[in-house]
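If you scroll down you'll find the structure; I have some questions about it.
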Amino acid sequence: MEKNTDLTALLAKIAPQGEVVQGNQFPELTISAGQLFEIAEKLKNCKEVPFDFLMDLTAIDFETKFTVVYHLESTKTHDVVVLRTDLPDRNHAEVETVSGLWPAAEFMEREVFDLFGIRFKNHHDLRRLFMEDDYGHPLRKDFKDDINLIEYPN
Amino acid sequence: MNSIVKYFSEIFGGVRSLLTGMSVTGKYFISPGEIVTEQYPENRATLKMTDRFKGEVTMPHDENNQHQCTGCGICEVNCPNGAIEIIIKKVPNESGKLVRAIDKHIYHLSMCTFCELCIKTCPSDAITWGHDFEHAVFDRTKLTKVLNKPGSSLKKKEAKS
Amino acid sequence: MILEIYSFSSLTEAIDTALNNSMAPWLATLTELVIIGIVFLSFYALLGLFLVYLERKVCAVMQNRIGPNRVGKWGLLQTIADLIKLLMKELIPIKNADQFLFNLAPYIVIAASFMAMAALPFAKGLQAIDLNVGLFYIMAVSSLGVVGILIAGWSSNSKYSLVGAMRSGAQIISYELSVGLSLLSIVIFTGSLQLSDIVASQADGWWIFKGHIPAFFAFVIYLVAGTAEINRGPFDLAEAESELTAGFHTEYSGIKFAFFFLAEYINMFIVAAVAATVFFGGWMPFHIGNWQGFNAVMDYIPSIVWFFGKTFFIIYLIMWFKWTFPRLRIDQLLTLEWKYLLPLNLINTVIIAFIVLMGWYF
Amino acid sequence: MSKDVVTNIILRDDEDYIINMGPQHPSTHGVLRLEVCLNGETVKYVVPHIGYIHRGIEKMCEYDTYKQIIHLTDRMDYLSAHMNNEAVSLLVENALGIEVPERVKYIRAALNELNRIASHHLWWSAFGMDLGALTTFFYGLRDREKILDIFDESFGSRLLHSFVTPGGLMHDVHPNFRKNILEFVKYFRKKLPEYKKLLTDNIIFQNRTKGIGVMSKETAIAFGVTGPSGRGSGFSCDVRKIAPYGIYDQLEFNEVLYSNGDSFDRYMVRMDEMVESMNLLEQIVDKMPEGTEFTAKMKPIVKLPEGEYFQRVETARGELDVFVVSDGKKHPYRMRFRSPNFSNMFTLNILGRGLKIADLVAISGSLDLVIPDIDR
């Protein structure tokens, strides 16, 4: 199982607009939300290293922006790349869905929508997954819950 | 013809597989020595927990009603669930100076998840696991325990040689 | 032949004569009916409780457990305690259920199994009514229980119940055929549907031995089909616990649930008793042709012991199935009947008819 | 999207005959609610509803130190508690560049494999029960008890151990650890043929599982179905092989792969994995160095350097990924668990469509769902 060494070069070729860095574990590609679907499709259908397995899809609340993170693995070469996209508008965060490319994303996107309130455009069934409809988005940093004391001092 | 052979071989194969399955249960039916049931309340006398069994957090006291807890509060900080509360008091020592000592070491068994962090981090080995596992009570407040016995005091450390 | 001391006919005749001497004939008949009714009712309840206890013990030992052992000696009173619990439980009324049918269903189920017991020959001279179509009567009456199950499933206004009831309906309609055909093959031997005749015809050997392999085949098919007919594992689709929670009796509680529960076990007893009567000679002791000495020794065992011994052996077989096999799926259940059991059974019946025609049996 | 992958789009109709399986239902193994639409006995579609046991573990982790997080991971997939613990521990160790002693790696691997067997025991028991073979439950639990006794002796708890900690182990394993493992392997090798006789070879069981719930390899990859469920479809996804951690690169074992992707193959993968795990256990006991060291040197307060960290481990149910964003403090800034069951469960609709309701139970049993892991 040899690792493809020039993954960063590959990423740079696929997404010339994006910013490619070698993270501490995997190559990371940061792109704007508008290009996400296009790049994701290219990565999935890439000839040499098809990234066909969506390991993880999640989001991070950086207080100033949301970052949606996609961990992609190629089942052919077992290479992993990280795809990131920043959503600066926290109140109307919106990004194109990738559930058409990786059906696994359908539910991870629903989870992200539930916990962060990030909307996924063209998602065919975007409903809340865990919480009530009128509950806040608990993984946001500004979320306050007065009933369940999770913020005990430590 | 072939299909008829297949039809009957299917039946015989199926019946044979069913009979092998029945032989397993049948074997256990005629060997009651294999019964593994533990008759719990009756075997209380012989039932022994393992040495490391995590029943509840306890604080051992010696015969002079002395414990080793200095009230440093490290266990309280390390507990992920806030199951430990330490109430501090000031007591005069031999020279009349006020020093820190525990008033109450409160342990909420209902909140404990037995992660062992308090026992692991205790610098003076004052708390340890108790082997009692019959914790069921009718009132939830009874699960809040005070670990240091009333009137207990800190055990003096032997002078370092 | 059979020792007369073990015959119950002297006892029953004595009661009959005493009653007829002391009162008018119609009143005597009425009193007899009442006595029989009471005897059967208590027998029914005790038998049901004992079977529940037996099943628990049997499955426990098969599963490396002890089973009930707290209430009474060896847990013998466990089922009585359960019965008391069920009696005291609330009967939960179901909203939007058809109340009349909902309450009626348990009685239909229990009445059907009760009626079937009337024709069973328990021992020599111990049979409530010896109909000349006894076997036919038992089959007809015991399949009435499914009406109760269907009513229960439909009237409780629950989706699980309805699915369970429909499964049960399909199941009984299919398997009734195999039960009938496999019993028919023995009727071909005896030439009579009267149960006393069938028992008497086995005085020189049971049909399962006298009838060669085809009779054994018929017995196996009867056992499978009979298990299916009483909705027991591996054919317990009507109450498939892991799929339909409890199937047709999901919504029942308290004593109404207990009725279904009891009826299921009594049905198991009836199926086993019919198998014992038809294939294993009923209360007839184990006889081999002309071995007079051996037969005489066997005669010393009372007929009622023979009957219950055989019945409980078959009950044990049925329990053994249940606690070993996974459950079938509904379409596989029907496939098993229509594709395997029925054709084999038809062939078997033809073979038996041929054997009887040529007189190739003992 | 390639044609082999089926989509999950559900077409609802007002006339649908809906049955709610769960949240309290014997075969959903927890508080999972399946909205099942029936057409007679045939399933039209399945909509899983989750969240009944959502505890917000990811949020709670943001207020806990890395050592405290361990006890939360126990409670996600409570049947593979060791693997979950190890995931966080490995992540912290890799981030700090700590090399744990060789012996610890071997002990961890042994615990993983023991836990995997114990988990598969419970799965086998419950799977048999889903299909109506009630006796399997007791045989499976009887053998699982032997493993739990080993756990009990070493950690004092049977299910939720919190034993693996960043830097090593909580304390040393019991001196009888090796002996007990070998005894268990010997015992279980004798009992495993019984499993085969009772369930695997049974004609009813085979009819109930063969060709039921067929998942193609493409579907497995697309839906992210990992672990034994994915390997039943031929999706080579064993993290122990593709991204080895701990001592796994020095041990010899085979990745169990089947290709049909039906319930029976998913069943067989787990049955073979138990054998494979026993082989691993024998190797581990054989190679495990003597000694008493059980932890690397660690600072009392663990602070990860700023950055993002990712760790994959193979639990009994599939790939568990831990993703941590650290801002240099002693709490993680964001902690994310990609739980294997989450992805596995959402294939219920595409696998169960068009089959009977009894098959749905067989499929959900063969996927080996643990609901607290889905909800987290």
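Residue numbering begins at 1 within each chain, and the chains themselves are lettered A, B, C and D in the order written.
Keep this in mind: contacts are C-beta pairs under 8 Å (C-beta built on N, C-alpha and C of every residue); 3 or more make two chains touch, one makes a residue touch a chain.
Bear in mind that the values here come from a model prediction, so they are computed numbers and not experimental data.
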Tell me which of B-D and B-C has more C-beta pairs in contact. B-D
Measuring centre to centre, with centres taken as mean CA positions, what chain is farthest from chain D? C
For the pair chain A and chain D, the C-alpha centroid-to-centroid distance in angstrom is 24
For chain A and chain B, let me know how many angstrom lie between their CA-based centres, rounded off. 41
When the C-alpha atoms of chain B and chain C are each averaged to a single point, how far apart are the two points in Å? 51
So chain B residues touching two or more other chains come to 18, 21, 24-25, 36, 80
Per-residue overlap in chain C, given as positions that touch at least 2 other chains: 62-65, 323-325
Pull out every residue in chain D that's touching 2 or more other chains. 64, 68, 135, 142, 198-199, 202, 204
In the complex, chain D residues that touch chain C: 17-19, 25-27, 38, 41, 128-135, 137-139, 142, 198-199, 202, 204-205, 207-208, 356-359, 361
Per the touch rule above, chain C residues touching chain B in the complex are 58, 61-66, 69, 320-321, 323-325, 340, 344
Touching residues (chain side chain C, partner chain D) in the complex: 59, 62-65, 159-160, 163, 167, 233-234, 236-237, 240-245, 323-332
Which residues of chain B touch chain D once you look at their complex with the stated criterion? 13-14, 17-18, 20-21, 23-25, 36, 50-54, 78, 80, 113-117, 120-121, 129
Of all residues in chain A, those that touch chain D in their complex: 1, 23-26, 52-56, 58, 60-61, 69, 71, 75, 78, 82, 100-104, 106-108, 111, 115, 124-125, 129-131, 138-139, 148, 150-152, 154
